[in-house]
Structure formats: C-alpha cells, structure tokens
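Order of writing sets the labels: A, B and C. Residues in every chain begin at 1.
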C-alpha cells in the first residue's frame, strides 16, 4: 500500500470507539481481565451497573476514593456477586429504572467456589442479570491459590509442583446449563468481536445470562505479558476453551468450528505453571481436551 | 470518558468525605507509564491501520489520532501485547532510557 | 383499625405500612409467618414490592444491600441461625451505611436445636453498626418498624426490630394497626442523596487504606450518637399522629423506687406484674425496660438508676466467659459516676425457659439480701 493511499485510509475499528474504562487502573501488565471488561462495556454501554466481589477487579478499578470506570460499581462481599446483583436489579426496577443493565462481574473463585450458591440461586430464579465470570484459573488476587477452575496439571501456591492439581477443572457451563437459563456463552479475550456480538445479543434477553470468559493472567500463569492474547487464542484453537452458546439449557451452538485442532503442547509450553509436566501428563491434558471437544460436538445443534 | 491526569484527592477532614463509602475522583491521576521498562514504538511507515494494536491494549493506552495509532506514554505499562499482535510487525519494544 | 394479630404479622404489617419496596428473605422457624404474610401482600397487590425468595439468609442480606444502594426501601426478617449466617453482611450493611430494616425473632442458637427464645442471636451482632430495638408487645412491633425506617433512613444506619420467639412472635394481641395515610405523613419515601446509578457513576466500597478507613468509621459512630435524640424526637412525632410514644427506655414505677429490675423483651412486661406484687408486699420496686440497646441509651439508664438504691439486671443471654450482656453494658454505663447503685446480674430464661413473676421475686429476694453482688452471674431457675 502506498503512503498516499494509507494516509487516506481510515483506521480499522472492529469495535465501537467509545471507552468506558480509563487508564491509570491497577491491573498488571498484559492483564486478560481488563481486556474482558473493556470489551463487555463496549457492548453494554453506559447504562450499566457492575457488582464486583472480591477478585482482581476489586482492586484494578482503583482504591477509594477513585474509580477508573464511567459506569457505577458496587464492590460487594466475595460470595455475593449474584445475590448483590439480584438486589440491585430489584431496587432499580422498584425505583423506576427498568433500562439499566445489571452485571455481576466475578473471577473464577467468586463464581466456581465461594459464590456458586448465590449464582445457582439467582439462576434458578432466572434473575434478570448478566453474570460474567472472567476466568484466570486461580485465586489470583490473593496470590495465585488454586480454585476449582484451576486445570489439571497447573502449579499454584496451594498446588505446588510436587503436588500439582490432579482434579479436572469444574465444568461451570454444564452447571449453568442445568439451570435452564435463557442464555450462556463462552468468550475469549482473543476473539473480542465474537464476545462483543454475544454480549450485545445477551443485553436484549431477559432473565439470567451467563458468560464464561477466558482471561489469561501473566502473573499467575508465569507467562510473558505480551503473550496474553496469543495464549487465549491458542486455547480457543486447540479446543481447550471452545467458543459456543447454549440457549435455554438445551440448544448448543458452536461459534468457531475447528477443522484441525492444534495440539496443546505449544499452549502449555508458554506457561511456567505447566513447566513441570512430563510427556505422560501432557498426554493426559490432550486426552481430556479431546474428550471434552468430542462431547461438545455431539451436543451441538446440527 | 474520565478526564486524563485527574487531580489527586486529599480530604482535610472527615466532614469532606461523603457519607457513603464511594469514589469522588478519577483513577487517571495514576500515571502508570512509570511502571514500564520497555516502550512500544510504532513505525507509521509500515503501519497498515488494521486496528489490532488499539483493540488489544488492556489499559487502553493506544489512541487513534487522525486515523493513526498513537501510544499514550503517560499510561502505557509496556506489556508488549501490541508489538506481539501487530501483523505487519511495525511495533518494536525498546528499552526505556532513564 | 384494631386487629388481633400475632407478633410475626405485626412485623409484616409494619413493613407493609412503611411501603417497603424490596423484600428479600429466607424462611426459618419461628419467623416464617412474617415472610408468608408479606408474600401474600405482594402477590395480591396490597404491597407494591418485589419479594425475592433467596436461597439463604446471607443472600437475603446481600440482596437487601444491593436493593438499598440502588435506592429502594428494603426489609427482611430472620432469626438465630439465619441471623448468624448473615453476620458478614450485617457488618456490610452497617459499615456501608445501608438503612435496611430487619425483623429478628430472638431464638436460641444451636446446638442443640432450639426454636425457643433467648437473646444471644441478636446480641452477638451488637458490634456490627446496626441499631437494635427490643419490643415487648405486638403494638410496639408495628410502631417500631415504622419508626425504625424513619430513623434508619435519616441516619443511613440499618436497624433491627427484635421480638421474642413464641412469647411474642406467635402470641396474638390486639393491635391498633396505623392508618396508611398517617404513616405516609410520618414516613416519606426513601430518597438517598448518593446511590448506585449510571447517572452518577461512582465506585462504592473500593480498597480503603489506613489513611481513610478510620474517618469513615468515625463518621458512622458520630451518626450513631445522633440516634438517641432522633429516636426520642421521632417517638414524640409518632405520639402526635398515633397516640403512642416510642422512646429509648420504658420505666415503670421507677420515680419513687428503691429497687429496680432492668429488663428487656417480654420479660420486661412480666417484670411489671412482679413489681406490682412486690409493691403490695411493701417493697418499693420498679422496672426499667431497655428498649433501644444500640445505640446504648446511656443517659436514660443513668437517669433512672441514679435515683434508686439497688438494681438487678436480668439477662436472657450469656456472653460465655463474661456473663450477661445487658449487665455488662449497664455496669459500664454507670461506672465511675457518682450516686449510682450497686448492680446485681442475673441470667434467666435461656433456650425458652419461662421467666415468671416467681423468677422476679427470687431475683428481688436475692438482691435485697446483699449489699453488693457476690458473683458475676446468679443463675435463675437452673438445676445446678
């Protein structure tokens, strides 16, 4: 492309230009969770309130008396993302605001573990909230301890190398599907347009909507900060973190068909938390990813 | 959009603090550019305006000025995602000089 | 309008008349009737509110807080185990300045399972930044819920209205149910200056360093200290509209008393009967029923005790290792002040064991026989 042509060319933006998140926040360099938030807010717009329990985002926004966001945030107790959001939605409606989107924004700890009761309760009642779990696969905010979202093989401070995590990652999407909520989607920070599209779709649905977002964490995964998007992309492309939607707990739609799934090796090799894995363990990871992928394909709408 | 480089908040007394535990100021007072050891430099000659660097910045500290990407060095933390993702390899991470 | 209603329903009527907008509650014996009636009132439109049937008390309080910060008037009710489960969130409502009003039925803490009354459940929460009102009649329950909303929303401090399990919760009494139009006059809609809204985007409750936290708690305490005067003022206002005063303490025949019981809850009404009987026997007895425990009514208590020769504090609770809780707090209220009488501490009625007029006579006999207390606790009605 010649310089003259380039000067005239518009800067490509596959997402809206408006930012509802400002600089100065306290996320680590290369934080996947901030990318997730940035994309979600572009889809939902300013008429949104966030309920954020204890997690990295409880700190990222900035300390009292500051905020980096253009939307209101209620920082709530660790296990209460879904119950707080439930109350906020009811309170807004009873005071005349039926338009504002209420979002519970929690990490994997506050979703898979301590927050699962409140989440299950809200989902069973089909509360009109969007629940987003940004998953960095451990309790990162408190210093990288294992959660039930930590995958097989991973090092964390509570699953040290000699005793790495041998239990598989809890299947939160299957749990949410069992609640028969109107809409569930997975998303990855490597595929922002896909995440944006699904969030826009979710915004117009009434009832409980659940997002499971893959958000790599260089600090906790012992990966290079510049690899965050790459790792998320690799996870999608090898089938470790497939992109799909489930409507009403029944209809599964694969958003990205993978003809030739890449092997997990390259993905694992870029993360220090998997450095201790030998060929047998890597094979076990591959087998688990393969099995899950097959199950997903079988369950999909034709 | 929060104003950049907002003022720091100092309460001189409890009276000045709102009754609710809530923010009164903007986090943009915190110039996170001080965190980095390496900085991205964009060669606009090679830039194809694909939008990828802007899209994947976690701060976000890449702005679009006159249809070109511009790094806001007050806030850029030097994570290197932009350089890593740039398809035309026109972003290079260089060491900060003190 | 006069109705015969049970204590639990008195809570429901209070919440209904106060036009609570969001109710989030979980059932627990002996509170269930509170939420059942509120559920019906919401279903048939008597009460324009959303009733969230949460899956635990912890979620009940969390969602009340969410609704409150979004600008709605909120109510819940619980008891014992449920109140204990909410503990983290009680601190949250108190520290966060969310004026939730909650009915608590005083029920004994397990184990063993007991559905009958004592006060350990609510008193265990006395440090959480909530106001606490201990009621002794169903009339008082209805009236106090309405007043509690007014005081709570003025000060932005949550409040619990407390009644004894079964002795009051399930006891039917004649109640003059206040007229809705008059309640509306007394209690305006909840309109907080700062709330969770995109129109004024703020972050609530962010990471608070040592340079700020103490001032926030200082502000809470200072506002809590305004409560006694505000309770008396709103109590007088209530009297003008409804004919019933709502104050901090309820003294009975204390003006010329030599000896008073210091009581709370329904035992505080039983004590009156004992006072009358003791008077007939020539003892100038009186009863000081403490209604508001938080904030502690220091001045009101000192005013009565400063004029008597002896007082017996009757606790339906025990802080294991330190004795009766009202006893401890009354002692600290009078400590070091000239002209205060010796105070005797008694524990009675745990786990729903009856406190009768005989219990009070036993207490009076014991206290009147001693110049000074000989023990931290005298147990009443226990097979030792």
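In this text, a residue touches a chain if its C-beta (ideal position, glycine included) is under 8 Å from a C-beta of that chain, and two chains touch if they have at least 3 such contacts.
Predicted, not measured: the structure shown is a model, and the values here were computed from it.
Set against one another, B-C and A-B show the most C-beta pairs in contact at A-B.
A centroid comparison over C-alpha atoms places C as the chain most distant from subunit B. Look at where the CA atoms of subunit A average out and do the same for subunit C: the two points lie 44 Å apart.
With centres defined as mean CA coordinates, subunit C is found 52 Å away from subunit B. The centroid of the Cα atoms in subunit A and the matching centroid in subunit B are 23 Å apart.
Residues of subunit A in contact with at least two other chains: 61-62, 64-67, 69-70. Listed for subunit C are residues 69, 202-206, 208, 212, each touching two or more other chains. Touching of two or more other chains is recorded for residues 11, 17, 21-24 of subunit B. Residues 46-49, 51, 58-59, 61-67, 69-77, 79-80, 82-95, 97, 100, 117-118, 120-121, 124-125 of subunit A are the ones touching subunit C in the complex. Subunit B makes touch with subunit C in their complex at residues 11, 13-14, 17-24. If you check the complex, the residues on subunit C that touch subunit B are 69, 95-97, 156, 192-194, 202-206, 208, 212, 215-216, 218-219, 222-223. The part of subunit A that touches subunit B in the complex is made up of residues 1, 3, 6, 9-15, 17-27, 29-32, 34-35, 38, 61-62, 64-70, 192, 218, 224-230. Considering their complex, residues 1-2, 4, 6, 9, 11, 17, 21-32, 35-36, 45, 47-51, 54-56, 58-61, 64, 67-69, 72, 74-75, 77-81, 83-85, 93 of subunit B touch subunit A.
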